[in-house]
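Going by the order they are written in, the chains are A, B and C; count residues from 1 in each one.
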Amino acid sequence: MNSPLNRHTNILDFALSSLLRRKSKNLSLLVVYTLIVFVIASLIFFVQALKHEAAQTLAEAPDLVVQRMIAGRHDLIPATYGEQISAIRGVRSVTPRLWGYYYDQVFGANYTLLVPENGVVEPGSIMIGAGVARNQRIKIDDMLTLKTSRNAPLLLTVQGIYPSSSELISSDLIVLSAEDFQEMFHLPPGQFTDLAVTVANPREQVTVATKIAELFPDTRPILKSEMLRTYDSLFEWRGGMMVVILAVAVLSFIIFAWDKATGLSAEERKEIGILKSIGWETSDVLQLKFWEGIVISLTAFLVGVVLAYGHVFFFSAALFEHALKGWSVIYPQFRLIPVVDAYQLTVLFFLTVLPYTAATIIPAWLAATVPPDAAMRS
Amino acid sequence: MIELANVTKTFNADKHNQFTAVDDVSLTIEAGRLTILKGPSGSGKTTLMALIGCMARPSSGRIRLHGISTSFFSDADSGSALDITSLPERFLTEIRRTTFGFIFQQFNLVKGISALENIMLPAYPTGESQAAFRQRALELMELFSVSRHAASPVEWLSGGELQRVAIARALINNPTIIIADEPTAHLDSKLSREFMEMVGTLKARGKTILIASHDPLVYDSELAETVVGMRDGRITGITGAA
Amino acid sequence: MIQHPAILALSIASLLTCFMLVYAAGYGTRILEKWDLQSGSELQLELERRTYLISVILSYTLVFQILSLFLYIFTADNLHSQFTGAMCAAGSLAVNSYGYPVLILKIINCLLAGVWLIVNHVDTRGYDYPLIKTKYGLLNILAPLILLEAVLQFAYFLNLKADVITSCCGSLFSTDKRSIGGEIAGLPSGPMQQAFFGIMALTVVIGVVFYLTGKGGGIFSLFSSLTFVVAAASLVSFICLYFYELPSHHCPFCILQKEYGYVGYALYATLLGGAISGLGVGSLIPFSSHPSLSRVIPAIQRRLTLVTLVLYLLFTLIVTWRMLSTSFTLG
């Protein structure tokens, strides 16, 4: 039976055999193509995983953080503010928080200091992130010496080390008691870094924030959704910078693909001439070129994606983590949690397969429109 | 039957290098007969055969095919011949692959694939199932005694074997008309005679055959029924017309 | 904002499509001017060769268009966290006044590109290029629309400002707001259900009659387009509600999200595919008396009708299944 489906399978069959016959040419195309897919895919997966990581961390953040501002700078907030804020309708709880940064001159590293809400650490003890442990080469029950703001040493015992499953945020963390924190920075009691506010009804968050701003004109309430957005645009921006550079890569790839496709060898041109002369029609040859393109594209896409997946999620994006992360010397050496969805794959498809396909349309057509009698006149 | 009326083919029209390859040719080629186009190289034989074989369209004049049927046209329906003069390539190709089989001077086999695949090539775009035309190709290889080369790449074949493979390929879609362009140009006398024997077999099977040649072995052959002489794109004489 | 990978992807796709279509339309115009099938001149042969290129370009354009329609909604959905007040694509699209026009243009362009390919397919089946003028005339309508879409899409992305407070599906498709979305959402669900199932049944009956007897193709095409509009309105008015199981959430985009098993894609794909083939049936009617097409067109129309019927029935099946299987009922 004659059927369009048979025509497709027959032509696909011949396309595969043609591709295999010109191994060296197609292999170099495939390598470049795969590399492009690999790099762009790594980038997209990486940024997405970072966003996911950050969102995960922020999920536990309070609905609202209230900071006190003096002369446009962040300042300590007295506990009395908190008492008045808890009286606002809709506020479920107010927790004063103590946290800050500490620069270690010996190791040249920045640490985040944090006092936990429920006092899991006793005065004199600390919990540290895996990055700190690595950096200082210390383990549980070792002592860590920090310098207070009055240049006196403060000796602290390591009580525990945070697991490295989500290292991005917790890596440079030192968790210590309120007393040690106040000692470190010579803070008066009753003063806190900021206030964490939870609101019973999510819809009332904005109202509560407005009320706080009215009640204390010297404070700045920050909504969790705003923080999420800032994180998002931060990653987007960093990823975007890379994408702009990659766009150049894509462009050069298009030129490469175009060149490969137009640079038909004499052999290939002759072959198409023969096909035309023995009864292949222009659209059959176009079909042949289409299948060749599909096979190359899909192979490059699949291999590139699989390699990128391994690169990002098993090797922690070793190739470009410096460009994208890195706001601290203590480098998070964490495994990202794999998050890949259809959306990212579609974007990847748009950035790689579409340009390739568009670049090969005209060369394919030029090849396909060899007049059928050309083979008779050679 | 193929009917040509005042057919002209001009290349590079309206340019300084304009030239007319076929000039006002009118000719009738009878079904079931062996017709030979005879003439020196450059006499327009190849162009004329390309026009008849639906490979190119004439600049002017009419070409009509009688007794053919395709998916979009059948004699029985319209009761008249099919005028192929201004058909789009898509339709010309369909007629070409169902009606004509071609044998080229250089054989025009695709290198790097097997002899069997070469024979099957014209059938790929017809939409027939591969199993069906593979079977036919194997039968043809049997007929021309080249079966043992089915899996070999064509580079390994001798001149005579290439010739047979080329003929087998021309027959894969069961055409009614066979067109051969200088088929013996690259063959020695022994192989040329063999070729003419095969032509005899095809004629016996009722095929219409059209050969362009300036080889006496071909046009003086007793098989030749009509010999059309050509020079400078014009017909110089017809012998043995029905 | 513009550096978001998806925005870059959409912009690249737009640029490519525009470039290809302007090229195609340019040659289309040349074909319209110089076409002379009777001539075997080199110019004519060259133009005929060009028609292949244009067909290929348009086939790819349709594929790119359909992909970019979905990626556009997907991206708007993904961006929602950047805007205060946006909870899904509806909110992101409302950030500036270009979002929705781009979406509507994308849908129209998909429909037109689909119809073009159907006309093109028929044209290649006639031995005298019977629809060549129609085809390239249509191309000259499609090309400017695609350009416009690209320009508006750039404008949309350039004007995405993160500090904008937008209104999302809650208010856009809220029944007590006086906006188009609100008006559609406010359509009473009872009569809307009757209208949807009514017109669907009618279209199917007309389609079956046309399939069997070849009569009423024009009416079928008209009804299939009407069904498209009614079904789209029904999506907002009541179909969504059954998927969300919320009496007042009318958003047509949230159903594209993972939480609802991406069912939105199936709904939109069947609806769009059905509308394209339905329109195709109608667009071929003026040419069915053409001698070289008199045998071709009825067969193609029947096939297109079948496609429309199957896709529309699939759509109805998904909707009905959901309405029956959920415990949610509209009061």
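Everything that follows uses one rule, which is that contacts are C-beta pairs under 8 Å (C-beta built on N, C-alpha and C of every residue); 3 or more make two chains touch, one makes a residue touch a chain.
The shown structure was predicted, so the numbers you read here are calculated from the model rather than taken from an experiment.
Greatest Cα centroid separation from chain B: this falls to A. Measuring from the average of all protein CA coordinates, the nearest chain centre is that of C.
Inter-chain spacing, taken between the CA centroids of chain B and chain C, is 48 Å. Mean C-alpha positions place chain A and chain B at a centre distance of 63 Å. Once the centre of each chain is set as its mean CA position, chain A and chain C turn out to be 33 Å apart. Contact with two or more other chains is made by residues 45, 49 of chain C.
Multi-chain contact residues, meaning those touching two or more other chains, occur in chain A at positions 282-283, 371. Counting partner chains per residue, chain B shows two or more touched chains at residues 89-90.
Per the touch definition, chain C reaches chain B in the complex via residues 37-42, 45, 48-49, 124-125, 127-129. Note for the complex: chain A touches chain B at residues 1-7, 9-11, 13-14, 17, 21, 267, 271, 273-275, 277-284, 287, 371-373, 375-378. Interface residues of chain C facing chain A in the complex, by the touch rule stated above, are 1-6, 8-10, 12-13, 16, 19-20, 45, 49, 52-53, 55-57, 60, 64, 67-68, 70-71, 74, 78, 81-82, 84, 162, 258, 262.
Residues 43-44, 47, 225-226, 228-229, 232-233, 236-237, 239-241, 243-244, 247, 250, 282-283, 286, 341-343, 346-347, 349-351, 354-355, 357-358, 361-362, 364-365, 368-369, 371 of chain A touch chain C in their complex.
Residues 9, 11-13, 57-60, 72-73, 85-91 of chain B are the ones touching chain C in the complex.
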